[in-house]
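Look at the two complexes coming up: subunit A is in both, with subunit B in one and subunit C in the other.
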Partner chain A sequence: MNKDHIIPLAENPSFSIQIKNISKKYGNVNALNDVSISIEDKKIYGLLGRNGAGKTTLLNILTNKIYPTSGEILINSKSIWENQDMQSQICYMTEKNLYPREMKVLDIFKSAQITYVNFDMDMALSLASYFKLNIKKKNKSLSKGFESILKIIVCLASNAPVVIMDEPVLGLDAAVRDEFYKMLLENYVQNPRTFIISTHLIEEISSLIEEAIILHKGRILVKKPVEKLLEEGYSATGKAENVDRYCEGRNVIHSETIGKFKNNTVLEPYEERDMEYALRLDIEIMPISLQKLFIHMTGGKSNE
Partner chain B sequence: MKINFDNDRSIYLQLAESIEDDILKGIFAEEEQIPSTTQMSVQYRINPATAAKGVNLLVDEGIIYKKRGIGMFVSAGAKEKIINKRRQQFFDKFIISMLEEAKKLGIPKQELIKMIERGQINE
Partner chain C sequence: MNKLFNIVAYKLKNMKKGIFILTLVMVLIAILTKITEISITLKSNTSTTTTSIFSGFELVAAIFLFIGIMASFKENFNHLSVNGITRKLFFKSEIVFIAAASLMLFILMLLLYVFYDFLEINTKFMLYSIYTSASPASFSVLFISLLLMASCVGLLFTVLSYRYGTPVILFLSLSPVLIFTIGPILVYRFHLSDIFIRFFSYYFGYVNNSARPLLASLNFIITSIVSCGISWIVIRRMPVKM
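And then the complex of A and B:
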């Protein structure tokens, strides 16, 4: 590892977001149902949810792209509708490519420079060359992967106090995704600010994010530091009868039987006092991954 | 410094352990500077808060210490501290469970000692 010090930039002013009782109806469908959370300053959040959970709707409301049916968004205690300069404060990378089709990459950077006061053009250009994004190319001729790279670069170089990314790694192969995660952390440690990342690739970002927000059927299921969340569950494997005995009275959210063996997912903390009992019944206790926990919490079988 | 994180334990514990391993192996000598938490965060793709948690564990145990504005260093006597700790863990983790298993299988103490000796010869 090289020992060059990463020098932090001047600190961003603090920036708090309060989402208060937000509901959104499309006809008879409740896309969001009384969602209230506060986004603390300078953390990396993962916004997780199944397809149709309401993630994009929430992000669109948060960035004032659409209006909620009820509720309000406060930024630094002021309503988002009264905050005129919000657009330069929040850099929002939508899942869709919203830049003009005929615009060249370099011109997209230049327009971002106007929107975001602290936009770092040198960084944008060096990231473009790092990811081999041709800045002379027109937006319409970019592949899916390069569209994602373009949007990622604008977000990272924006230096906006809040960066929101909706499915940032669409169309990127594993190697480029890994580079993105590295760049994201580098960018974050140099200039700590708030990141909200919505993604389906939970396992890949579980170590990157500090807090997870799980949205399910338009409601907030969980908002917790990932580490705390992972301490809330575990899996118990052993002879079926022993696992059943061990799990009596416990909150089992998932169960799998393989021959004489059984694997139960228990949603409660593993306590010191459980250890002896588990040992006596010859049960193996394993931590649970964020992805597994997520699938179980949002109703079992994957629907993707 | 190289880590392959597994899913078995918290990442911050694995990070702390791997720093300890590097101290044991002499990759980080006593009184030598180690990478900053931000560097570790980028290198291992982990949240800086997680990296800080792992490092603080070692600071609390006196294995590394911070110099304000300069960085983190391996404490004098860190190696010995780690060895003592790991020996205790070795006893708890391996010896106790070995004895329990031996009891289940009805292996007497004398035979157990012979088995260890045989294992050492085969090493």
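And then the complex of A and C:
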């Protein structure tokens, strides 16, 4: 990617987003239940959650695609509802391709210029050529992977201060996904702004995101810096009775027994004396990945 | 303001292809009509010439706009909303677009009329046949207001269909059938024919046995405003269908 194409947004004001008591009901189903979080400026957020957790609903409300049943969203203390100035600062990559089927890729880039005044056409074209996306092709003839690439390019080239991506790597092969993560990081370093990325590929994105927002059954389960979250979560493995003794009074979020051995996942700050205690009990303490932590926090396989 | 005009320009650009096809079809009809006239005249042994009458430019333009607005709404709404355009700005752009498209179609139909006249095809504006006393100015106002009404009603139908889905689509598709089957029965059953006739006579500008084009224009414009008003109420909190 040509670094000259990145427009620095240093002169842009900061954008802090306050989501206040947002609830959304579909009939009798509570898709979101009193969600309140604040999104700070110039950070990469990972919005994580299991299927049906309410991620897309939250993003759709944030971008005015749907209305909440109650609550409000403010950007810099101004309501976002039907606020064109605020909506022009947010570029949203929807999971579904909503661009006109008959429209050519180049025309989709041109149409993005209507809203995003800082849209960098040169950058869009160079990214398209990098990813071998034919700009003369019609949207309807693009494969799933190229549809994702098209939407990613629009988001990155928009230079919008807030970029929201819902399942950005859908249909992309491993190599392209890797390229995308590198490109996103490079873009962020050159031009810091807020990214909110919703994905199921937690392992791949864990090194990229600064803060994780975990939604579960329409509620915010956790909103913490990834580093802190990983520091707090660890696994303790050893003889079952020793592990039980070690875990007494600790916040165990998952437990697994294989024969005489047990593996407990603990979520609480880990201290020096814990290490000494574990050594005495012959327990192995291991760090845990964000994905494992997420699975255990959201109830394992059953999603209960 | 700049954004508004960019959106309108984008919508007009999308309509370009449709207008081109419409023009092409109308030109082809003119040429084919002329060729048929000449060949029939040449084949006949008498000295009389065969002439055709072409009428209904207004209906062609009105139907084109009605269908065009209906067909383009969903794609435009989804596309522009994914690009961060609010419903308010989208609706404003839709109104400006309707006005611009109606004016464009009006001019196009006048040009086609001139072309038909140039080919010596006997051409008539349907509205002139109904409103015989209409001056060129009042005829233009009437024609444009008819196009505005067709577009605004098209917008209302498509907005209702987008928001409420299958039940509304079904109802709107069946409504012409219902109007022409149940309508006359109701009119006859409840002795509404007098009210019915009086209402439609007034609506189309027939007062005291004279056709008043400006009264009809006013009624068309009121229908357009009411349709747009309802459309705005529906659009205001309409979810984008993903």
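As a convention for this text, the second predicted complex is superposed on the first by the 289 of 304 C-alpha atoms of A that agree within 3 Å, B and C clash if a C-alpha of one lies under 4 Å from a C-alpha of the other, contacts with A are read in each partner's own complex, and residues count from 1 in each chain.
In this section, a contact is a pair of C-beta atoms (placed from the backbone, for glycine too) under 8 Å apart; a residue touches a chain by one contact, two chains touch by 3 or more.
Just so it is clear, the model here is predicted, and its values are computed rather than measured.
S.K.: Please work out whether A:Ile66 is in contact with subunit B alone, subunit C alone, both, or neither, and reply first, second, both or neither.
M.R.: In the superposition, A:Ile66 touches subunit C alone.
S.K.: Given the touch rule stated above, what does A:Leu185 touch, subunit B (first), subunit C (second), both, or neither?
M.R.: Only subunit B; A:Leu185 stays clear of subunit C.
S.K.: So, A:Phe146: does it touch subunit B (first), subunit C (second), both, or neither?
M.R.: Touch status of A:Phe146: no partner.
S.K.: On the A-aligned overlay, A:Phe109 touches which partner chain: subunit B = first, subunit C = second, or both, or neither?
M.R.: In the superposed model, A:Phe109 contacts neither subunit B nor subunit C.
S.K.: Contacts for A:Tyr45 in the overlay, against subunit B (first) and subunit C (second): which applies, first, second, both or neither?
M.R.: neither
S.K.: Tell me the contact category for A:Leu208 with respect to subunit B and subunit C: first, second, both or neither.
M.R.: first
S.K.: Which of the two partners, first being subunit B and second being subunit C, lies in contact with A:Ser289: first, second, both, or neither?
M.R.: first
S.K.: In this superposition, which partner touches a larger number of subunit A residues, subunit B or subunit C?
M.R.: C
S.K.: Taking the superposition as given, does A:Glu227 touch the first partner, subunit B, the second, subunit C, both, or neither?
M.R.: first
S.K.: Do any residues of subunit A touch both subunit B and subunit C, and if so, which are they?
M.R.: Common to the two interfaces on subunit A: nothing.
S.K.: Report the residues of subunit C in contact with subunit A in the complex, numbered from low to high.
M.R.: Subunit C residues touching subunit A: 3, 6-7, 10, 14, 75-76, 78-89, 237, 239-240, 242.
S.K.: Within the complex, which stretch of subunit A touches subunit C?
M.R.: For this pair, the touching residues of subunit A are 56, 60, 63-67, 82-84, 87-88, 90-92, 94-96, 98-101, 103, 111-116, 160.
S.K.: How about subunit B: which of its residues touch subunit A in the complex?
M.R.: It is residues 1, 5, 7-12, 33, 35-36, 38-50, 53, 71 of subunit B that touch subunit A.
S.K.: Okay, in this complex, where on subunit A does subunit B touch?
M.R.: Residue list for subunit A touching subunit B: 1-3, 5-6, 43-44, 178, 181-182, 185-186, 188-189, 207-210, 226-227, 230, 286-287, 289.
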